[in-house]
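The data blocks that follow each hold one structure.
In what comes next, chain A is part of two complexes: it sits with chain B in the first one and with chain C in the second one.
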Partner chain A sequence: MREPRQITASQTMMSIFNSMIGISILGLPRIASEHVNSGAVLVTIIGLGIMMIGMGIMTLLGYRFPKTSFIQFSKQIIGKKLSFLFGLFILVFFILLIGFITREFSFMLSSFLYPDTPMIVLVGAMLIIVAIATRNDITTISYIHFFYFPFLLIPLLLLIVLALENVDIRYVKPFLGNGNTFSDFLQGGLTIAAFPFVHIGIFLLTVLTPHTHSPKNAIRGSLLGGLFSSLLIILTLFVTIGVFGSMEAKSPLWPLYVLTRMVQLPLELLERLDILFLGIWVLSAFTTILSGYLIIIYTGSQLFNLKSHRVLSYIALPLVFGAAMYPQNIFHLFELIELVGKWGLIITMIYPLFLLFIALIRKKGKVMK
Partner chain B sequence: MKHAAKSVLLVILVLLMAGCWDRMEIEERATILGLSIDLHDEETSDEPINHPNSDNIPTSEIGMVKITAQLAVPGQIPLGPSQGGGGGGPEDTVWVVKAIGHSMDDAISNLQQQLGSTLFLGHLKIIIISKEVAEKGIKEISDYIKRHPEIRRDTWLLVNGKMAEETLKIAPKLERVPVLYLSGMLDNAIKMGKFPKGKVGEFWVGLENLGQDGYLPYITVEEKEHIQISGLAYFKDMKMVGNLEPYQIAYFNGITEQNPGGSKALVKLSEDESVMFQSTVRKSKIKATLKDGRPHIKVNLKVIGNIVEKRNMTIDSQEVSQKIEKITEGLIKEQCEQLIKETQEKQSDIFGFGEYVRGSLRSYWDTEVRTAEKWREVYKNLSVDVETQVEIKEAGIRSK
Partner chain C sequence: MSIWNRFKKSHTSSSENKKAETISEKIVVNEMLKTDYPTAIHQIQQVFEDEADFAIRELVVFGNINATIMYFSSLVDKKDISEDIIKPLLINTISNHEISLKEVVIRQTLYHADVQQAVQLADIVNGLLRGNTILIIEGIPEVILINTKKLEKRSIAQPETEQVIRGPRDGFIESLETNISLLRDRIPVPEFKVKSKQIGRITKSTVCIFYMENITNPSLVEDVEKRLERIDIDRVLDSGYLEQFIQDNPRSPFPQVKNTERPDVAVGNLLEGRVVIMVDGSPIALIVPGTFIMFYQSSEDYNERTNVMSVIRMTRIFSIIFSLVTPSTYVAIISYHPELIPTAFSVAITSGRAGVPFPAVIEVFLMEAAMEILREATVRMPKQVGGALSIVGVLVVGQAAVMAGFVSPITVVVIAITTIGSFATPTYSMANGFRMLRFFLIFTTGVLGLYGLILGLILIMNHLLSLRSFGVPYLSPISPMNWGGLRDSFIRVPLRWLIDRPEELFVKNSQRINNPKEYPTTNPLGPERHTDMKEEDQ
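Coming up: the complex of A and B.
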């Protein structure tokens, strides 16, 4: 079945935004302040800067090969065998990563909302819904993202505005942090660039680009999406550090979620917003996992020359489920996410750069004007 | 066939997503509204529930703890305004239970052992610790509260001058549930400008920050009947080292720019002349500079307020008003300096001057200070300048 090509720039942007705003940004303030204390804002800017480079590389590749998918053009560039091997790496990497973030999300749900519900059910329910949603074609999935976009954006802006009045500017100073060296920032930046949402955001482009209206739309959408989500992530980080201070931001597992539990509407319209916000985080986790799952089955279908990504919708389920159930506890999970995420940088940054380089040398694909 | 498969899947999904595992009827929950933590002095041990009954049981750093909980009795707490008549007093709406244990959770489990329904801490409003507990250190209690997913950061943590459990036994006339009365009282005190924002979330921020120390509301129970806010307990690291008098809270609020204003000061102008000054807005600018290689804090405090009462004098001209402003400025400056000096002696930087130093004098902090302990040493001999400015806006609706 041929997939229609009609994703617009704004849909690309919204898809990237929804995929990046997910469960990992809840823990971002903790990890950023662990590395460089009050330099957290700067280190996040560095990390997201690395991500923008990755997105840039992917966009350039997409522009050179507008009609073919990532796996197809990597075949053209470096040959069948090598590209198949890397394709397998990509597949395994994303299966692990998506499993892990589903598990992190389930951990959060189980500690705040469903203490007695078995982990298997929380993980399973989410993955099954995601698998069903990926039975749609890619254009429809981008419409799903389009639909959820305001439900994520508006509460997030509301959160930032409500928390802003409690921000103590002392806590975000000094901008460089105390007692940090250049290598602290570099390591912190790399850790943030290895966050699951970065990988998903970058690789989602490989799925969307072949289906966008025109290559120009793809470029515009991906750059806008990357910048816009980065801006919001930095703002949420800023308010979290500004309210808690970098020392206190280290102590909860998900500082941003703790912040959402604290904010109150003016005039005490509703005493507690946390249940409302928990709903928003469930949505954000759904959209992120949806994109990630789509990357798995789309890459898989291209790799094994299948007709459509739908074929793998349910086949991939046990694999991702297995990855999700593997970590023993939350500490094990966080260690694994960091480890896998860092190795993933090779796949999402260095490998595309390598492809672009070879393509330039061998003059493959559309030549840029 | 395809439809059949789909419907089976749907049915399974419905079963999976109903969330029956965590179904909990409200009657099955023992909702704790208030919790108090005291020391248990007698050497009698608790019930052997989490450990065998022997002498060699790890006990928290403060010793055996006694926990008193105020539970809401289901169905007895009226929603909305009470309809008057018929309703009983607090004895009917809440239930006070006690337990002792070797640690926080040990005591809570012992409490659970006495109750038929599951304890629920999601609606916990107030945790009261006795002064003894606060002075011995709240590291473990704080960790427990922070770790518990049900307890929220907008819970009040209070220090009671004597026995904490007394607070839960009082029966105020204005509200059916004593704990709600107490938390409402504190919220209102903030709105009236008489108390700084100081829920447990803010306390933890002060506690964790390197250049800052925590403070908690300090209350006393008067005649076993009503509760009074009688100052601010300030901490050095995890231990309470002293408390401010209620009148000093006004100056603390001024330095830390807590708005709206509202606290009053009786200003003596001469032997038999005095006015009552009430602040409305406080503006405070704090700057950290380096002077001869040592940090120096400059506080610029501006207080805008009204005259609400006078004695033996006429207030009818700008000249008089300026005179009052001048004298009030002097008073505020003196009191602020006194207050800062007091906390310096106890090495408790509740104003967070250290955070200004950390933020603005980065290289000084990185070479000389680095840790919270070192900052407390520096704070002890820190030079602080207080500049005050008072503006009188209104003097009531009398012409003289």
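Coming up: the complex of A and C.
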């Protein structure tokens, strides 16, 4: 009856928030403290700073080429063949990445709650739900993100508030860590910038921006989303390190999950909060994987000139599923995530930067004021 | 070859038979009634050869002119015919020979208000079948149709499905004309539009579309008309038939068209910019587009105090979520995560379940099924048997099953709470949708525990979020959010603050209240007034 609505700034912001708050932040304190012990907060800030740069590049590109998708304008900038090749790289990269984070999530479920349930079922159930959700148009998917936003934000804030009383500020000091060199921080920062949620957060912009109400909305939404989720990630990290200390945060695979086990509600209603939080983690994993899956099928549909991303909803399923089932065990998986994530920096940071430069040189797209 | 021929032959002959079968096809579409008086009468008689209730009365009017009256005795008011048609025709004589006979009959003689003329046979037949009396007079080529329809109808009563404590007591009935009068009486402005059309090849039911010309978005009206236009079915026996044809997603368990029996609800929605559809023969009006939150609003919410009604609205929403999730959460806790609840409670549950032979999923599923059977049985039962049934239900399903060790007492409590919770929905169709989804959630939880429950809920939520009714997102004003709309969703703010009509409907005139700030608290009997009066006295 009416023209399809378009995505607003707040919906963009919430979509980015939901995509970034995912299963990866459960393991973030471990990886950050592995690199620079008590300098974990600082190294995360560096990593997220790198992410914000990446987001800025993507936003500038989106502003220069409003209402065109990433694949379309890269075709305009560097030609058909080269952009197709890079598009293929993006596709393969995200298929691997989404498969791996689905697997990581399933590992977590399986190690805490479902030791006897086969991995295929845990992975498959999540991927099927995600695939069904991507049958909707982009605007509806942004509604979905919008709706789930408070369900992720409020429990996370609650967790921070509840854990705050156990924080020992001595654990977080010294901010620079003990005996760290500059290159340690750079290394750590790059590792954090190579986290799956960073890639998904940045690349989600390529899906949302062509559908936003105006390029201004996209800029405002993406910057706010990036800043807000960075703030929350840093806060949760601070709380986790503050409670455990950097030495202890290294040992569990998902320190934040252990934290949810420790916190208790003031009143004796539920014995353990972690299972309740599990619901939240399932939701956060769903929103993250949904965004990632959307990136895959949207990029795919643009790359192969399909009418709509919906066509690929079920076709991409076996590919992602295959990627998810590939790692042999959890350590293999973590290795792969780090490896793929670091290579992915080329795709999500350097490639857009390269595009932006070429576009500036060749004076393609809308010229900025 | 011969088989082929036979097939061909039988095919053609059967189609010929079919053609001969229906009377309406015998009447050629544009066949005119013969002008010759006896032939014309014969022509009509032929159509209704053996009808038991088809009546013919021959008269001689104005002294010397032959005339015939025909009607279906089952459809007409005979008193009307004798008083308003036959009596004047017989008593009057022609005094003025200047004007033609037809004019004399129509303008000077007949007392009845609703008089029409027809020349085509199809129109005449149709008119007869709709309760008209036809008058054929020798020398007048046209046939005069007089609407003498009289059908038995029940009186206006309080609707049984949407009862209110404070609010109007009248409800729609089966007669469309009465229903229109109920609406017109409440909206006495020319902008209130009623469009009518006939749907149903055989039942030819009259369907009316109501809207406010100065409020409703014209493209919504257009879309409703377009969707109704497409319907090609032999019958429309209730507005539910239409609902199923015009809704956006027929597979969804959620109703996308609101229905009501209450004229005040219909008027309220008309004034918000929605479109109301009614069918002759059904007391239930359809309101489109329907959004989720509409099904949790009752007309009483606007008549009572706001804060109290807001709490009640939240109770309704809470109870539906509660009744949807409780059984599956119980299953998840008992069979997958018993460590979630405090130890003392968990011991109590386990001891209660000690003798139960089934896993929790089966137990809950069986109890839910028993509850549904009980409920379905009580709905269809005659009232006299209903009491006995409920006793059997309570005693056998509740008490005896626990005593026999089939189910644990806590399961019974959970199911009972769930069932009561599902009754708190003001709309029956929405409650039904959630009833079904409860089983779905029990199933997913049975397979995957809490993970399955969350995934099931995500699936339901995603469906709700993607659902649209006539282009309006089903969950608006919650998602996409609009603050103005939220004032009348989970809560209901005072009417004087509900300034705008719902934003998602893109109405022509969004102003509901024109002077939102002009309700100052005055104190007519306060001290100031008294001093004024004293001064005046002096």
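In this text, the second predicted complex is superposed on the first by the 363 of 369 C-alpha atoms of A that agree within 3 Å, B and C clash if a C-alpha of one lies under 4 Å from a C-alpha of the other, contacts with A are read in each partner's own complex, and residues count from 1 in each chain.
Going forward, a contact is a pair of C-beta atoms (placed from the backbone, for glycine too) under 8 Å apart; a residue touches a chain by one contact, two chains touch by 3 or more.
What you see is a predicted model, and the numbers here were worked out from it, not measured in a lab.
Of the two partner chains placed by superposition, only chain B is touched by A:261; chain C is not.
Of the two partner chains placed by superposition, only chain B is touched by A:174; chain C is not. By the touch criterion stated above, A:283 is placed in contact with chain C alone, chain B being left untouched. By the document's definition of touching, neither partner reaches A:48: not chain B, not chain C.
By the touch criterion stated above, A:275 is placed in contact with chain C alone, chain B being left untouched.
By the document's definition of touching, both partners, chain B and chain C, reach A:121.
Touch criterion met: A:113 reaches chain B and chain C at once. When the two complexes are overlaid on their common chain A, residue A:251 makes contact with chain B while staying clear of chain C. Common to the chain B and chain C contact sets on chain A are residues 113-114, 117, 121, 125.
By the touch rule above, chain A contacts chain C in their complex via residues 1-2, 5, 8, 10-11, 109, 113-114, 117, 121-122, 125-126, 129, 132-133, 136, 140, 143-144, 146-148, 268-272, 275-276, 278-279, 282-283, 286. Per the touch definition, chain B reaches chain A in the complex via residues 13, 16-17, 19, 21-22, 146, 149, 152-154, 201, 204-205, 208-210, 212, 352, 355-356, 358-360, 362, 365-366, 370.
Chain contact summary for the complex, chain A toward chain B: residues 38, 111-118, 121, 124-125, 128, 168-171, 173-174, 176, 178-179, 243-245, 247-248, 250-252, 258, 261-262, 264.
Listed in rising order, the residues of chain C touching chain A in the complex are 219-220, 223, 336-337, 339-343, 346, 448-455, 458-459, 461-462, 465-466, 470-471, 473, 475, 478-481, 506.
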